[in-house]
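Please go over the structures that come below.
In the two assemblies presented below, chain A is common to both, partnered first by chain B and then by chain C.
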Partner chain A sequence: MSVQPAMPKSWRVDTKPHKFCPGCGHGLVLKALGQAIDELGIQDRAVFGCDIGCSLLAWDFFNVDTIQTHHGRTTPVITGLKRANPNLVGIAYMGDGGGYAIGSQHLVNAASRNERITVILVNNTQYGMTGGQMAPTTLPGQKTETTPYGRDPEKTGYPTQGPEMVAAITREGAYVARGTVANLRQLKNYLKKALENQMAGNGFSFVEVLSTCPTNWRTNAEETWKMVEQELPRYFKVGEIKVPGGQKEGEANG
Partner chain B sequence: MTQSFKARTIETKKSYWTIFPGLCKGCGLCMQKCPKKCLSWSDVLGVYGTPTVEPSDECIGCGICQIFCPDCAINVSKKKEEKKAG
Partner chain C sequence: MPDKPIEGEKRVFMTGNEVVAWAALVAGADIMYGYPITPQNEIMHYWTRLAPKFGREFLQTEDELSAGFTTIGGVLAGRKAFTATAGPGNTLMQEPMSMAEAMRLPTVVVIQQRGGPSTATVIYSQQEVTMTTLGGNGEGLRIVYSTANHQELFDYTIKAFNTAWKYRFPTFVLGDGYQAKMRESLTIYDPASRGIELVEAEPFLGKPGVPGVDRPPTQLRNTYNVEEELYEVLEGYFKDYEKIAPEVAEHEAFGLEDADLVVVSHGVVSRACKAAVKELREGGIKVGYFRPITLRPLPVDAIRETASKARQFLVVESANGQLARLLKEVAYGCPVEMLSLFKPGVGITAEDVVSRVKEIAG
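Let's turn to the complex of A and B:
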């Protein structure tokens, strides 16, 4: 056989090319997650739960047991799975609309109960699947379908700081970080640490990922990278926010 | 049975650069990330009928395009350094 694509082993090859738009950040996040699953060797006991929104297009993405539920309800479903069978590794995968707007109560309650699950939230600053409406994470001044003159913080408030909120309400043992698709090696490390934190039984693991949406941002590749690398980090600080016991990345060397 | 993808390998000075037109959606993210800016649109069409990319001879085989391809449509392998005579 000739050269074949360098896909993570946990990817389901016969469903590729996947269903996401050209340039979508979901592909990059799921690539990093696939590599993390490969490196930890948990393909046989991981359960992948996807949400409503663009994230549901990942329902046949992995050769991993997958369940698809309602907006933000992925968190309680994975919580139930984890309680029924603690040997499983539960991954709840959702977008910012499902996690912060419609299903935020589940995220808040699961975090404050310190459930031993991993939540991955992909933040592309608007509702991608319904055509790009304003979400809680839309940047001030950003044009969307429902804010044609740009989001006005006086009228509609400031973007939600999800990981900061989760870090504030979780107990000791939680892992909270924010990664970006512009730095995939760092993102893979965060996802790996989040899964390891769950497997060690420490507590709630939460990773927000800054992602792209060229279709609804109406950007070309150059502007897409500019948005992810320069505009988004102005409001969303990338890095580890809460680490159980140990030191945060980059602090060890003073 | 897992499906296999048709490869198009381009040999440059320092690398074997492979693209799978059956996976490439023509988003162009790789072109922006290339440190040498040596990728350009080619006449070979991808899965959505959009142009795929191809490298020029300036490719150094760093593999950044492979890392940042959301569809895993690129595979880069660096050529082994030729031993200097004597």
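Let's turn to the complex of A and C:
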């Protein structure tokens, strides 16, 4: 008899193993999110919204009410839900294309309005589901299906700095952080704080997560890990960027 | 806070947009999401003034995509949610409404048609018929009421909420800028005073209990893995739609019994047609009047019966044949000849209709 690995209580066991590719970071992000939901005891109040792209494969992932929406539109769906029933804890889960390209106006305006929702954006530097095209987050020189000779920043710009943008346009009360699947304990804490920030009614909460896509990166395990642990943080600074009325992680000890 | 926005009934003189706001209030709408576009703006203006007095909410969104998708969020939370738009906003609205179709979500959208294509003109047309009835990458699984006057704007906005929540198809009230901006007399009323029962809203997500423990989780999707999976879902939807269509379809007609020619129109243009048909009949010309009130589903049996008896249809609309195309499909095989008076984006008077009929009669 095989032994089941430890899963968060809020995971839906009968839909496991999940549908993501081997080596994909989504499972890790959703594990950290599941643990955060467990620890906060909000399985009955949470509503999970997932976007189009690989994130949609999470539509039956949790034992949590879930709505799978359109590409880029998870933010307004969860905004509308939260406005209509503020007792719910609204989670909008999306990729970098959904959040920073097709749905960027929704992200910007939900942040500006300080919507009491939690947006989790998984950054794997390209469009996974559609076969690996350039995303706003693609690294300079990175080869994708639409930048076969590498991304040229002169022609297509530099990687979008999402959390920095959200931090710049939100007022006091917002929580903004960038985590990584290379540090799950830290990621879980960020997600938990983001959800707590929503539950306290402080304001918008946003966590970008640096993640992996060995399928489209065409990397082996070692290269994949090197990419997420070493390459991505050269362009995307991991840490808390905005914390309402408190100290950022790591500052407590001076 | 007063319990009811209107006690009993009241005779009023209002613009159509104000009428819509009052109707949404008495229909029990909990929240409106909206984005400014002429000629629907005053629906938001009146709603934002009235709503706080009755514990209702409003959110101004960043665009119509967001207005539509937040409306969907409101519906998922179990609230009667609505939005209003027009023209290019209606174009954007088709994306969220295709999701509402795919997931059978009871959204209510009020459209006040303006000129098209593109930004065009800001006040009037009947050029959003095709888009409102069949828009999006779908099959037109929706209900569309085309109103002709302020009393109907009030009656059918109330009805739209009931229809949407009863049958679970996205529902539209199709007006236009003339109706939106014009003032007219009507009676506004508490639906209960007319024996109209309001269909209760209920949450799709966030019902009581812990998902997976006390109840299965509600997990809604609009994406399918294989063609057959989608086909099966849609087959079910089509069957439901076909079943409810005769219950939902509405029309208005007179003078059909002896008419060789029937003037067919919808919305505000039908007022001109009605006046014209009355005048022509008084002058001894045998013409009939037919007006579908629901453009989706159309009153198919009534149209086919009329098209089998009359020799000619004169289709009159402020568009280049958008209603006519719908009618031709429904009347396929009937011997009726289709004649037209199309003035895309321009108003049509009774005189226009009378002279066209006389021209046809020779």
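The definition used in the following text is that the second predicted complex is superposed on the first by the 250 of 254 C-alpha atoms of A that agree within 3 Å, B and C clash if a C-alpha of one lies under 4 Å from a C-alpha of the other, contacts with A are read in each partner's own complex, and residues count from 1 in each chain.
Assume a residue touches a chain if its C-beta (ideal position, glycine included) is under 8 Å from a C-beta of that chain, and two chains touch if they have at least 3 such contacts.
Predicted, not measured: the structure shown is a model, and the values here were computed from it.
Of the two partner chains placed around the shared chain by superposition, chain B is the only one that A:W225 touches, whereas chain C remains out of contact. Applying the stated contact rule after C-alpha superposition, one finds that A:G128 touches neither chain B nor chain C. Legend: residue contacts after superposition of the two complexes on their common chain; A:Q68 is shown touching chain C, with no touch to chain B. By the touch criterion defined above, A:L28 lies against chain B but remains apart from chain C after alignment on the C-alpha atoms of chain A.
Touch criterion not met for A:P159: it reaches neither chain B nor chain C.
Taken together, the two complexes place no residue of chain A in contact with both chain B and chain C.
Note for the complex: chain C touches chain A at residues 30-31, 33, 57, 59, 61-63, 65-66, 69-74, 76-79, 81, 95-96, 99, 203-213, 217-223. Put simply, chain A touches chain B in their complex at residues 1-7, 11, 13-14, 16-18, 20-28, 31, 184, 214, 220-222, 224-225.
Interface residues of chain B facing chain A in the complex, by the touch rule stated above, are 1-5, 7, 9, 18, 20, 22-23, 25-29, 31-33, 47-48, 50, 66-68, 70-73, 75. Considering their complex, residues 10, 12, 43-45, 47, 52, 56, 59-60, 62-70, 73, 76-85, 87-88, 105-106, 108-109 of chain A touch chain C.
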